[in-house]
Every structure is written in C-alpha cells, then in structure tokens.
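When the chains are written out, they are named A, B, C, D, E and F in that same order, and each has its own residue count from 1.
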Amino acid sequence: MSAKPSPVTTTIDYEQEGKQRSYLRLPHSRNSSAWGSILIPMTVVKNGRGPTVLFTGGLHGGEYEGVVSLMKLSRELQPETIQGRVIIIPALNLPAVLAGQRLSPIDNKDLNRVFPGAWNGTTTQVIAHYIHDVVLPLCDAVIDLHAGGYSLSLIPYMSMHYLADETQNQQTFAAMQAFEAPVSLMIKEISGEGLLDYAVERMGKIFLCAEVGSAGTLSPTVVKLADIGVRNLLKHFGILEGEMMTREAQGLPPSRLMEVPSAKNYHIAIAGGIYESFFELGDWIEANQTIGQIHFPENFTWEPQPIIAQTSGVLLCTRGPGFVEIGDSVAVLAQDLDVS
Amino acid sequence: MSAKPSPVTTTIDYEQEGKQRSYLRLPHSRNSSAWGSILIPMTVVKNGRGPTVLFTGGLHGGEYEGVVSLMKLSRELQPETIQGRVIIIPALNLPAVLAGQRLSPIDNKDLNRVFPGAWNGTTTQVIAHYIHDVVLPLCDAVIDLHAGGYSLSLIPYMSMHYLADETQNQQTFAAMQAFEAPVSLMIKEISGEGLLDYAVERMGKIFLCAEVGSAGTLSPTVVKLADIGVRNLLKHFGILEGEMMTREAQGLPPSRLMEVPSAKNYHIAIAGGIYESFFELGDWIEANQTIGQIHFPENFTWEPQPIIAQTSGVLLCTRGPGFVEIGDSVAVLAQDLDVS
Amino acid sequence: MSAKPSPVTTTIDYEQEGKQRSYLRLPHSRNSSAWGSILIPMTVVKNGRGPTVLFTGGLHGGEYEGVVSLMKLSRELQPETIQGRVIIIPALNLPAVLAGQRLSPIDNKDLNRVFPGAWNGTTTQVIAHYIHDVVLPLCDAVIDLHAGGYSLSLIPYMSMHYLADETQNQQTFAAMQAFEAPVSLMIKEISGEGLLDYAVERMGKIFLCAEVGSAGTLSPTVVKLADIGVRNLLKHFGILEGEMMTREAQGLPPSRLMEVPSAKNYHIAIAGGIYESFFELGDWIEANQTIGQIHFPENFTWEPQPIIAQTSGVLLCTRGPGFVEIGDSVAVLAQDLDVS
Amino acid sequence: MSAKPSPVTTTIDYEQEGKQRSYLRLPHSRNSSAWGSILIPMTVVKNGRGPTVLFTGGLHGGEYEGVVSLMKLSRELQPETIQGRVIIIPALNLPAVLAGQRLSPIDNKDLNRVFPGAWNGTTTQVIAHYIHDVVLPLCDAVIDLHAGGYSLSLIPYMSMHYLADETQNQQTFAAMQAFEAPVSLMIKEISGEGLLDYAVERMGKIFLCAEVGSAGTLSPTVVKLADIGVRNLLKHFGILEGEMMTREAQGLPPSRLMEVPSAKNYHIAIAGGIYESFFELGDWIEANQTIGQIHFPENFTWEPQPIIAQTSGVLLCTRGPGFVEIGDSVAVLAQDLDVS
Amino acid sequence: MSAKPSPVTTTIDYEQEGKQRSYLRLPHSRNSSAWGSILIPMTVVKNGRGPTVLFTGGLHGGEYEGVVSLMKLSRELQPETIQGRVIIIPALNLPAVLAGQRLSPIDNKDLNRVFPGAWNGTTTQVIAHYIHDVVLPLCDAVIDLHAGGYSLSLIPYMSMHYLADETQNQQTFAAMQAFEAPVSLMIKEISGEGLLDYAVERMGKIFLCAEVGSAGTLSPTVVKLADIGVRNLLKHFGILEGEMMTREAQGLPPSRLMEVPSAKNYHIAIAGGIYESFFELGDWIEANQTIGQIHFPENFTWEPQPIIAQTSGVLLCTRGPGFVEIGDSVAVLAQDLDVS
Amino acid sequence: MSAKPSPVTTTIDYEQEGKQRSYLRLPHSRNSSAWGSILIPMTVVKNGRGPTVLFTGGLHGGEYEGVVSLMKLSRELQPETIQGRVIIIPALNLPAVLAGQRLSPIDNKDLNRVFPGAWNGTTTQVIAHYIHDVVLPLCDAVIDLHAGGYSLSLIPYMSMHYLADETQNQQTFAAMQAFEAPVSLMIKEISGEGLLDYAVERMGKIFLCAEVGSAGTLSPTVVKLADIGVRNLLKHFGILEGEMMTREAQGLPPSRLMEVPSAKNYHIAIAGGIYESFFELGDWIEANQTIGQIHFPENFTWEPQPIIAQTSGVLLCTRGPGFVEIGDSVAVLAQDLDVS
C-alpha cells in the first residue's frame, strides 16, 4: 500500500530556503461539507546545510505544554539564526487538539498507535502515513512532545528506548540529556506497535519522547521547561548557536537518570471507582506497600480495594482524575539508573 | 409545591440513637428499568443531646477529596464517641459522582444551582427538594465539601458569605477558621440563586463551603487536609471531644484570611482556544498585568489573545484544563483581608 | 395552569355519531422542521346513549400486545353494534412506541409519571395535559393496557388499587374480573404521583390497568387474551351486546385473585451485573429463600450476590433482561387474596 | 416568578448616550467549566430623544440573512446620525446560531416558543425572560428577522398579525410596508403561545416578523433586501434621516399584499419519505390540485403519496430539504389581499 | 481480496429477459437484529441485444433529484420499449438516503470515496465491492446522478474527466452532451482515489457524473431536467427509440461547455463562521475580487474575513448553508472552454 | 499479517498443571485512560494427558445463560477431577457483555463476524486474532454458547454444520447429541464469513454452537440445560468421569433432530413496524400460511403487511422484540431430519 501517494497536500516546499508557514491539507468529506478539508499548521525554517529536526506536538489532544511551546518556536525561529532545517508541527492531530481529548473525534483513533498509517485509511491513519512516508525521510532527528493528558500526572521527563544499535543509542542518549528535563528516562520496552517512536527508530534516526505536563492542565513552569529544552536541542544539534541553558544555570538539581525496566513497574486498577493515591509524585515506595486504594461511592458495604506495589521505586506517574475504570494504569514506579 | 411529599424514601430513622447506614432511594424509571431507583448512601450517627451537623460531598461529580474524606468519616464515626447527631452524605449527586462529571448525566443539571428543588422535578431537583424539605430542618450547621473539579485549579480554601445577621456571621466565621484551611475566604456575593448555600443561610443556620482539590485530581495532601478539617469542625461544635489539630501543630503557617470582594476579581476568556497562564497559584499579580493568553492552534495567523488583570491580587483560582471556551472563567484574584 | 387551552388539535368531534378515525396533532418544532407536528391516531365510535369508555395503549413504548389489540379493535368496531361511546388511542405516547422504548425519545419522559401534564410543557407533558383536561372528563371508565416492556417479565394480570370510595371500589372490582386475566390483582399502594391511574381515580371514575406481555416481546397467546378481555369489558359496560367469553368457556382455570400489599413484596438489586433468577414465574417462594443472584462477569474474584426473599409469595414479576443495574427491581412476589 | 431578577448581566447602560458594544452574559455551568458563561453580543446606539427600536436576529440558528444584516448595522450605525435609540442583538440565541440549527443545542428548546421565559429556567428560557422583562419595556417597536431555516423555502416577506387595537394595527401595517419586502403578509392566527410576537403585541407595541431567506442558505440578494428594509424602518420611525429606498426606486414591482387566513392554507406530510413538489415558489395552485408527492426509496412496491391542495393560492412556502417526516409542513398557500 | 465472493445476494438474474424489480440484500448484524439485512431496491430491464447502461443515484444521501428521477424511470421503463439492458439503482447508499445525509449513518463513510470496496469491510465498503466486482463488468456505460447535497449550491451540470484514451474521451464527451444540462463540464483532475468515476474509467467504459440540485433541496425544475437527460442518454445509446429532447426544443439556450482546470478554481474557508457570498451562481468574478466574507457572530471585535478570488471565472458552485467550518469549500469558479 | 504477534498478554501458562484463573489483557487507549486495558477473565484447568476443550460464552453481549453457566463451571472445575485440559472464557467479548448488547460498544463490531481477526485491528478484531492464532491451535474441540439475544426467541438447540470430512462430521455429530438439547440441529449453510465456526472447522477440529436462551432474558430452566450439557460434553470427551445425564434420565422426551436446509426457511420483514406472530415457538406451519403480520401504529390507513411461509416447518425461531425494521429476520422454520 505504501507505494500509493498520500492525499495530503501542502503549499510548503521542504527544500526552499527561508521560513514558510502554511498547512497540511487533508480532504475530509463530512455531512456538512462535501468537499471539506482539515488544515494542520506547519512551519518549515531552512538555512543552508545542517541537520533536519522535526518537532511534533499534539499527537494527542489534551497535552498542552508542547503545543504552546512549539507554537511559540514557530513564531520566533528565523532562518538567519539557524544552520539546517527545522520542521515544526505543534498540533499534529489537530482534530484531537481542538477537542481537547486524546483520540481524534473523527475516527476515535490514537495517532500514536497507528503508525505507519495508511494512505486510504481514516483521518488519523492518513496523517500518520504522510508523516511516515513524506516527512520522516527528510529528518535526522524527531522530537515528540507529549504530556500526561487528562488521565495521567507525572514528573516531567524526557525519554528514550534502549536501542540495539550502539551509535544510535549513544546519540539519542546525548540528545536526551541536552533537553535538561527533571528526569531523563530509559524505557526498556513499551507494548506499542503503532508508535511514532518505533517508526523513527527503525529508520536509524534519533527519536526522543518528552512527557511534560500533567492531568490535562497547562503549567507555566512546565512550558518554560519545554521552551528551554527545545532550544537546547537545537543548539545540541548545531542548528542554533549559543550556549545551552543547563539546569545548573537555572539553579536546579541535575536531571535524574532513571529507568522503567519491566512490566512490574506498572500498576493497574482491578476495579472501577475512585482512586485515592497514598503518595505524591516523587515519593519512594517500597515493594508490597499499599500505593493507594479504590473506593466505591455507590455501596457502603464494599471495602476499598488496595493497590500493592509490585516493586520498589519512585512514584513517577500516577492516575490523573479521581475516577478510574478497571484495567486503567494507576501508578508507575521508576528506579534510579547507575551509569557510572 | 413544597407541601407535596418527596418521593424519596429511606429506611433510616433520623431520631434513632446509634449508627445507621443505608440509602436515600429515588424512583427512577428508565428504558432498561421500569421500576428502577437511585440509591444514595447516607450515614447517620446519633448519641444523646447535642447539635446536628450535616456533611455533604459530591454535589458535583469530579470533585473527589471531599467524597473520599466523608466516606472514611462514615466508616469511622461511632455513636459512643459523639454527643449530638452527624448526618453524612458523601456523594449527594451520586449519578454525577459515578460519571466523574460536574452535572448529573440523567438530567444534565447542576445540583448546586437547583435549590430548593421540586418534588415532581427531574432527578437532580428531587434530590435538592428532599435535602431542603426533610434534612435541612434537622440541622444546626451544614458543611459542604467541593473541589475545583475538572475545570478549576485552586488553593484549598474554606469559605463563607458576608452575612447580614451578626450572630450568624460570627458563628459561621468561627467555624470557618476551625477548619484550618490554607485560605479562609470571605465572599461578598455570588450570583447564584439555586445554591445550597443560600437555602441554608436563609434558615439562619451555619453554612460553610470548602473548595479542596484541583483539576479533577485527587491529592493525598488535600485529603489529609479535609480529614483534619472535618474532625476539627466536629470538635468545634462540641460533638467530638478532644483538641483541634491546628495548622501550627502541623508545622504549617496560619490560615490566610482573604476575600473576593467584587466582579472585577473574576477574569473570563473572550475567545476559545488554549489558555496559557503566566502565573502559578499563589503568585501576586498587579492590576493591568497580563495574566495569561489564549492560543489558536488551528490558525498561525492569529496572535494569542491576552487576559489583562482588572485588579491586583493573589492568583487564587486558575483554569484547570488547557483548552478554554469563550465565556469561561480563567483566573480569580483574591486580596488579603485585614480584620484587626 | 389548567385554565390555558391545549395546543393539541384534532378534526374529530367527540359528540358526533358514527365512527371517526383521525389524529391528535401536537405542534413539534424540530431542527429539521420548523413547523412540524406529532400525529397520534385516535378512533372514536359513538352510537346513541350509553357509557363512554377510553382504551389506551402505548403509554410506554416497547409494550406491544395492548397496542396491537387496540389497533384491531379500532378497525373492527362499528357504531351500529354499540350503545354509547368508545374512544381508542392504541399508541398514546407515539414517539416512544415508534422508538420501541419506555420513555419518549423527544424529552426522555415517562408519560405515566407526568399526569396531569402541562399545556406548555414538553411533548410528553402536553399529551398528558390534553388527555387529562379534554378526554378524561368525557369518560366513565378508562382501561389502560400495559405490558412488562423491556425490563420486566410477568404473569399477565389486570389490576386495580384499593379505593376508599366503596361504590367506586366495587364497580372497579367487577370490571377487573370481567377482563378475565390469569391474575386479578389488588394493589394497596404505588409510589407514583404522576400516574394516569390517580388522575382518573380522583375524578371518581373506573380505572383499570392491565399488564399483559413480557420482556418486550409480543406473544400471540397474550394478544388473544387482550382481545377477549377488551371485548368482555365492552359487554360488561353494556356497550357491546353478547355474552362474555369466560375463562371457563376457554377451558382455562378461573382468574386467580391476588394482592401486592406492601413494599416488602418488591426486591431490588443492590449491585449491577447479570441477574440469575432461581425461579420461574408462578413459582412459590418462601421468605428468606434465595430468589436469585447477581453475577459479575468482569471479575472472577467477586462472589455472586444473593437476593433474599423478604416475604413469602408467588413470583408474579421478574427481571426481563439478564443484565441489571443497582436499584433495579428484580422480583415482585404476590399473595393470594381471600375475599370469601 | 417574574418578580425575581434575571441572572443576565451586561456592562451596557441602556440610558447612556452614544454607542456601546458589549455582551449579555448568562452564567452557564458546564462539565468543562464550573463558572462558565454565554456571551451574546449587543449594540446600543442612543442619541437624544426619539423612539426606541429593537432589532433581533438569530432567535433560531440556521437563519442567516438577518444575522449578517444586523451585524453590519451594528458596525455602521453611529449616534450622531440618529435621533432616538436603537438596540441590536443580531444573534439572540447565540448557541443555536453557532450550531447552525434552529434549537439551542444546550437545552433543545426553540427560543421563539418559550416567551415570556423564566429567570430560573434553562438557558433559552433565561434569554427570553431577560428580553421580556428588561429590554421590551424600553422599546416602542420590535423588528424580528427570521428566515426559512433548514426546513423551509419561502418568498421573502414581512409579516404582522391582525391586531384588535385599531391604532396598533394601523401603525404596525405602516411599518410593515416600509420594509419593502416582496410580499407583505397578514396572518390571522398562529398557534403559538410562547412567541416573541405575542409578548410584544400584548404590551401594545409595534411588532414585525420578517421571513427573509430559504433552506438554510445565505443569499446575497436577500441580504441586500434586509439591509434596505432595516434602514427604511429606521427612517420610517424618524430615527435615521433621509429618504426611504422604495422597491420602485430599485426597479422592482411593488410589495404584494397577501394573507394566510386559515389552517387550510397549511399542508402537512402524512408519511415520511422524499417530498417532491410539483410547483416552484410563486406558482398559483388550484384547490384539489396535487401539490406534490412523497416517495419511499426503500420499497418499490409503495406508490408515491399525493398531497392535495385544500384551497387555492400562491405557493408562498415549501419544504426545504428533500426528506420529510410525518407531520411536517410541506406547503403553505397565500391569497392576495384586497385592501382597496 | 477481490477473489472473495460478495456477501450481497439478490433474486434478480441479470441475464433474464424482461423487467425485474427486487433488492440487493446485505447481511447487517445490529444490536436489535442478530440476523438483520439492508435491502437496496434495484430494477433491471432487458430486451434482446444492445448496450448495458447502469444508472445510479443516492451514492450520497441528501441529493434528491436523481433519486426521484430514477425511481420514476424504474417504474416506467418497459422491456418492450428498449433494446439492450438498463440497470437502475436509485438509492445505492440506502442508509444514507433514508437518513438524508451524505455519509452512511452505519459506518460514517462516503460511498464515493471507498471504491473498489472490500467484501469483508463495513457496510459502505461492501456495497462498493459488489457494484465494482459484480455490476460494473456487465456495463458499457455508467451514469451517476448527484446533487450539491446539504453543503453545496451549484448550476446543474453534467461532467466528465479529461481521459487519456482518445476513443473513450470522445464517446464520453458525446454522451455528456446528450444529457443537455445547463453546463457541460470538463474536469481536469479530482483528488479522489476511491471515486466510482475512476473505477469505471479504468475499465475503459463511459462514465458520467451529473450534479443536479442544490443545498439539499428538491427542485421540480431540476427533476424535469434529470428526467429529460436520462431519457436522452437512453436514446443516445440506442436503447430507447425516438428523438432526443434538446435544450433548443425546450426553448433554452444551448448547454454551456466549461472547465475547472486547476486547484486555483477552488476556494476554501480559513476560519469557521457565517459565510456571506457577494455573488449569485452564474456571476462572473475577476481574479483578486472579494468573493465573499466570513462573519463571527460571537465576537463583535473580529472583522469579517474576506475570501479572495485566485482566478477569474463564473461562480459555478457556492457554499450551501450559511455556516462554514475551517477548510470547507466556499466557491468554485469555472471557465468557458473553447473547443472550436 | 498473522505473523505479527498479538498485543494480548496473560499471566496464564497454558502448559502448566493445575487450575489457573486470570485475565487476557488488551491495551486500550481511551480519552480517559492513556494506558488503559481490557481484562477478560479466563480459567484454565489442566491435569495430565487428555484432550483440550475450549468453552466460550459472550461472543455477543445480551446472551446470558451460557455466560452464567460457564462462570459456574470456572468456579467448580478442579484439576484433580479431570484428565486433559479445559479452557473457559465465559465472556469473550467482555465490553459487549457488560453493555448487555450484541456488538462491542467500543468498535460497534460483531465478534462472530470478524474471525480470523487482525493483530492491529480494532478491539474486537484483536480478541478474534488472539483466539484464532494462540488459543485454537491448542484445542481439540470448541463449544461456543450463544442465545437468541435481544432480537430472537428460539427453542434451545445445539447445532453443527454439514461437514465435508466424514470423520469430522461424525465426531461432531456425536458431540452434538451428547449435549442433550431439546433440538439438535443440522445447518446446511450459513452466509457467514467471519464466524468462529468456520475458523475452527477449517482446522479440522470439532465445533459446536449452542443457541440456548431467548429475547435477552435469562431463564433458570435454560441455565440448568446448559449446566447439564456442558458437563455431558466433558464426559463425552473423557475429561470428566461419570455417567452422562440424558434427557431420558431427566424425564424429558429425546432431543429432536432437525435441519434448516435452505434460504427459504428464513423469513424477513419487508417493512418496519410492530411484528405480530400468529404462532408460538414449536408450532407447525404450512407453506403459504400467514406466519404473522406487521402493524403500523403511526398511520391507521395502512393495512398490516402479512408474512407468508415459503415452506412448511416448525417455528424454531421468531422475532424477539415487538418492533421490527425492514430486512430483519422474523421467523425461521425447521424440518425434522430422518437419519434412519
């Protein structure tokens, strides 16, 4: 199927020097518009030779800091200040972003579960296909900005997978640290076929996934963190000149290197109700401690159901909203990683 | 209409000594249940003579700390430890609580906008009517626990209205302070006909409204705050014995007495988009400063729209989720109140 | 409010001799029809002097035998064969009947909970108001045909309330027995303000409510039962000539006279799940026996929850569909009534 | 209930000289905004003494010409050019206008069926109540601009009711003619309790209702017609100076004076399907002619069902969309009115 | 996948002489019907030798003239009057036609975007697959009748693509002109993979697409136009005898030959709001003229946003409903084509 | 695609001796849970050597007897009492079972129409893929328990297809009879690609489909029938010891061997309305008799539409709910099968 061309069009010429701002346009036939389309803003800034970096935000709606930070970057970045090419798409799954929800309201799909997409698929699949087939081949590195969204609260972190290719692994690791997030996280394994992550990694390129922001809110502190991290990365790749803004320079402790090494680090609800965590983010939890409990407000005869820690670790991520359904993730524990 | 009896029934006898746990039962005819009903858990603990206090939570769904704190109180409170009567309804608008949303999913109504209710109205109105006509007359004080819910983040506070009756005003003020919230807030005027607040105040009783919790999350720190505050109030009213747990005893600064004196303290969005606050809760903002701005992710030619402070004050309450619609509240500023 | 005229119109003249078939017409402004209307078929057959009987079906959608039986009666009844007046509305809440569901899909209301209605209310209330203000005053007796609908399975019965007025009670009792249902049921008390029943009874008229049909199905045996019962009633009132078709003449045992005397006869689910009845309709159950149990297919660690009989009696009515929600009625027991 | 104050607020002072543009603000508590509000733009222009005229548009969404014409008028009108006061609310039921549908998406109500409204009702009722209690008392004349909306196509007309008060009738008639619509229409009777029309007429004021626009479209020709008509009315009332733009001056035939005198002029569908009109707007139809027919695309054995003219007349109004439901209006015939 | 047989069945034998009327039957398992099916009426008329023509309507719901015209043709056509075979499916996407909307309400798909379909796909894909695999191979020519639907108003036209095969191009051109539409339109390129058009063209057959009808309405003038055009085509192909009804014979000007040669002819909204066209259909517009503007009824501080003509041409197609969303088509300009 | 691994995981080891109870876990990203999952209970009991039998229930929601019977079996079965392996999944399409509806509420798909599934498809397809690729290869026989669900009432039967492989046919036939259902049914042909049936049969294994239960209800008599049948099968396969519980031993007539040999046995509605069957289940119907009729409650001028028997036979299956839509199955007739 991938031989088929994408129905997505744009007036932007990726090879043109200078700064271009326009749209990715997808045909979208609706009941109220036979010949409607979806317009996804994109900015391309290019100057001479140098690496190409793609910044994406809004793969999920309801994750705001990255979107706002990239909208600002789109406005500010000028060709004369860079060497190379920067492609910025602050709200890649625009229908989801405008709806403020994780999934596209058009086809109810999660953009970060459908890569490499399909040219004749639903809207979300068509977006994925265009990025995969047209944009990724242009890039040396891809930085994807997420947040916890409505359902998760977390300590802001920049993450990467353990990669088999040593060079790719080292280059990705160096870039991860340049972002200067409070936590730099190595993840051994994520279930997910369909992730943008794997699509990029398989091409041998650098891929980073930031999780900056919690519970569907937009924190000014976290926006600032993203603003700095994004510019640090541009400097790290030699696209922008100037010194990186380290955490030390900001008067902050160094980024904490951690890992989420196994399925035991994840804890899920085995009943629906109201989840009461007994710990705040960053707290240390011992294996077999009770992390929290699930309450049943409709029936006073049912005792709260405890969630027991399967391993020891720091509470990196916890359930965002109070209510929870069976099978939902309620706590992720992380361990410090010794790289000495 | 109020002469008509409520269709709500319960097996609880409010005058009986001891502890009773049961349900308020409302007939609820659905397509999938001709003779269905809604069962709202209620606990009544009574011992001898003493005041009657009603604790309510869950007037809105998605406001969790109060619900959880009152479910625990319902379990723990024993008649032999009290003097008087405590009525606890942790999840008064149960359908909204189970849905995790502010409004009842049955009739789309806000329980805290429909008092005094109607015996032959919709489900939410029937709940309000029963509370108003049957439960409130039994009470000396009513403590209603809210949180910011999905749409608001705020500094936890206990609040009251400025009351015309001096005695009522003083007694309410004393009770407010006994809760030992981070902020104790005097509110000059809220628009709202339909509030439980006014229904109770008009009867000459003590009414307190707590806002403890933010953005639809459930914070263990805030649950603890509610646990302490609720027991402090029981001691304040002489129902429980023992010393109050002051903020001082907890190693905390004293409760900050503040007020929201006018409509100028409230700031609303005049466009829909993504709201980026420039300040964190607790920050001081000068009049005419830009509090934040609204971004438009679908159109890169539209500049962000600023929100300008109409007065000086502390950021007491800010928009919870990143997205905002026209007319939504995005910032409430409060001023310190000098009562010396 | 009742002084206001109904917006409902009809081309039928209730005082005209002969047979008229037409519609009750309600204005109904929709998005797809500014000047739309709802048309409810009605048949009036009149001949000379004699009592007026109103037959209604379809107060709820999804209760089919009565609707079909009355549609046939509407076709067949001819003025020359009667003395008096017969008004037949087979599908009174037509939007609900067409949707096959208990509540009106327009306003989500139960027509049999909104009497006496309101001239300026929602669609269902307007229907109730017209019947109450315009049609009921014309009638001597009202026969309302229901079935269990989607949510209930039951032994077909004709029922009446215990009435304070002795004459009214006796006349109603005689009419109930003329219907020749398998069970004739005395009901001491039903919660329901808003019932058509009370509206008619308060006017001092005869009111009968049949429950003929189960679980949203349409049984040919039960249709035949309704066909016979409806004609028997017309003969009982002297409107039709001829002999009544007794159960004896049909080779059936006599109608069993029973009662549902108290709230203890009703059993409700106290958890949602799959309800497994241990008994079939008509079985005798002893007090404290387990009537059935609720299963939880999503969690194998939760034991089924038993439903215990609060009294002894015959299983008159049981839950229709397998799934059940908290608060739903799952079993009604009836006792034989000795009138000797 | 009308003694209760409206919850609607505005920063506009109706008595202030000059031009003010602001909002009517209604509190609107949603799941995604605890303290949300609806903001309805309003413009008030005042200069010295003179009559007060209220122009409203958007009582229904999906009726566009009036909304656009009044938005332009709001921009252009300057206090120095007028004598008196003009109040302009181009999109009174703003939620319906933004949804492009007749009914409010919030409460599913038709604003022009709920007057005089209710201060504690649903959103649409609150809007009606504010207009009724606060704005109407300020006015001498009210001009309400409608169109056919999605469901109706019609010849643009300005209309009035036959009024019992001779002076009121004559003044209204003169104003109707000043609008210079293609048709000026006398309507003997409309069913509708709840109309803005009656609310104004009962106060003894001038009320005009324009129907300008068809089938949910926006025609530049009709916008121009509204632009001229609205300014003609301002001149007619002596608020604007200058000569009226007559139809003669536009090279058009004079306004045709017609009437819709009885229920026989309205024709409704008695089955749902696709309605095929045999006539275009403006065609003359004889009584008993077939106006059109209803097709059933799902069943080729069903013959089309004819609609027969109940009277002779001009086709003034016909069904907009092809599909039709039972009870919908499909054709309105009008007759010429001889006033010589 | 195409080797798999279609689940669609019919009692019609395509090779049988005479006239057959029946259904295409698709299995359709619903919650309310385990073994349900969709029945799409089809008529096949065959007599001796001669070409096979397929007429389709209702690929989209809400496009009525073609459906009605083909339902009439299905009734009237008799085998003794023809030579060859005529297959008529007036409402191919029946679920969409019955819903009066463009997309199927079952799977939310546009039938004219999913060719060649899939035997194991969703309902709309299964319809496409059956037509593609079973019906198209039987045909020499396919005539597909559309209209603007809810979202577009247009000058009625018959259209074809520029085809690479000269013979196919000439035969199609001749057929296009035989329809005698007001405009005959050459289209250089349409985005659309998934169109029925391409599926037929690739098989080397004649394909014509008519757009007859506007804004979801049903015009008697346009039905007549379709009635004549359809019969003209049958005569053109030698299936029906008799003379063609030319526009000249109808006293009309000749069909205007036009083209839409490039993407610049299409104009889209870059904001959502109310679209006010400054031109009527058929008007000539110069490049860089303002075609219309978008109004924002919710905010009086936002100026209307202009739509600028990217080329000169006749307004062939304009937005149907007043409201518009970002990315929607608002104007298509066409140029006269000189074929001398 | 089938080379790709399933995203479904479980803690159960199929090769482990003893009894294991746990979940199949599917990742399920929702708006309210980024990292959510669906947990489907499964029980595996293994002891030594012997055949492997898979019991499935709940392929459709709303079919309850099989689910309840298998939940009990899951509880009761102990490894020490068996020889071989039993895999039990009582509610395979758990989301549909919890919703009480045939189709999954997540993707609106029928699990028994999507085999062999797809590892990267929607939720229902992922379930099918896991069963097909991982579980079926482990099995010697598969017993799938269905019921009529909401839409069908039927005589309880166990069924099989006529199979081409004689050994497979004989073994399946023997197993069918061991279930001891009231009817044992041979089905010549079912339309359905996508059935679990074909997936198993193609692997050369034994497959049986029970239809036990009617109209969405849960009958204690039918649960007992399933309980006995399931244990009989375990004995038949030599997994459980002990004697089979024959119908004779239960005092019942022997299982009636019948067949549904052709499409003529199925009768469908050709109009939507209320379906009145003239026969009860088990009645004998002659060809050309009227089986029932469809009523139209909205229009008294439309005569009921008869359904005529296309063949003679016993009424095996009839429409469950009274209302019916065009194309729905209303009656299936079966004939006795002579195997002497």
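Rule of thumb we're sticking to: contacts are C-beta pairs under 8 Å (C-beta built on N, C-alpha and C of every residue); 3 or more make two chains touch, one makes a residue touch a chain.
This is a predicted model, so every value here is computed, not measured.
Colleague: Measuring centre to centre with C-alpha atoms, which chain is farthest from subunit D?
Modeller: Using the mean of the C-alpha atoms as each chain's centre, the farthest one from subunit D is F.
Colleague: Going by average Cα coordinates, which chain is farthest removed from subunit C?
Modeller: In terms of C-alpha centroids, the chain at the greatest distance from subunit C is A.
Colleague: Counting only Cα atoms for the centres, state how far subunit C is from subunit E in Å.
Modeller: Roughly 50 Å, centre to centre.
Colleague: If you average the CA atoms of subunit C and of subunit F, how far apart do the two points sit, in angstrom?
Modeller: 35
Colleague: Rounded to a whole Å, what is the gap between the Cα centroids of subunit B and subunit D?
Modeller: About 43 Å separates the centre of subunit B from that of subunit D.
Colleague: Check each residue of subunit B and list the ones that touch at least two other chains.
Modeller: Correct list: 32, 39, 62, 100, 150, 270, 298-299, 321, 326.
Colleague: Based on which chains touch which, is the overall arrangement a line, ring, star, complete graph, or other?
Modeller: other
Colleague: Using the touch rule from the top of the page, what pairs of chains touch, sorted by label?
Modeller: All touching pairs, sorted by chain label, are A-B, A-C, A-E, A-F, B-C, B-D, B-E, C-D, C-F, D-E, D-F, E-F.
Colleague: Give the list of subunit A residues in touch with subunit C in this complex.
Modeller: Per the stated touch rule, the residues are 270-271, 298-299, 326.
Colleague: Spell out the part of subunit C that touches subunit B in their complex, as residue ranges.
Modeller: Listed in rising order, the residues are 60, 62, 101-103, 110, 113, 148-152, 191-194, 266, 268, 270, 321, 324-329.
Colleague: Spell out the residues on subunit F that touch subunit C in their complex, using ranges where they run on.
Modeller: Residues 21, 39, 41, 43, 58, 62, 64, 67-68, 71, 74-75, 90-91, 94, 97-98, 100, 150, 153, 215-221, 223, 274-280, 295, 297-300, 320-323 of subunit F touch subunit C in their complex.
Colleague: Quick one: which bits of subunit D touch subunit B in the complex? Just the residue numbers, please.
Modeller: 4, 7, 25, 27-39, 119-120
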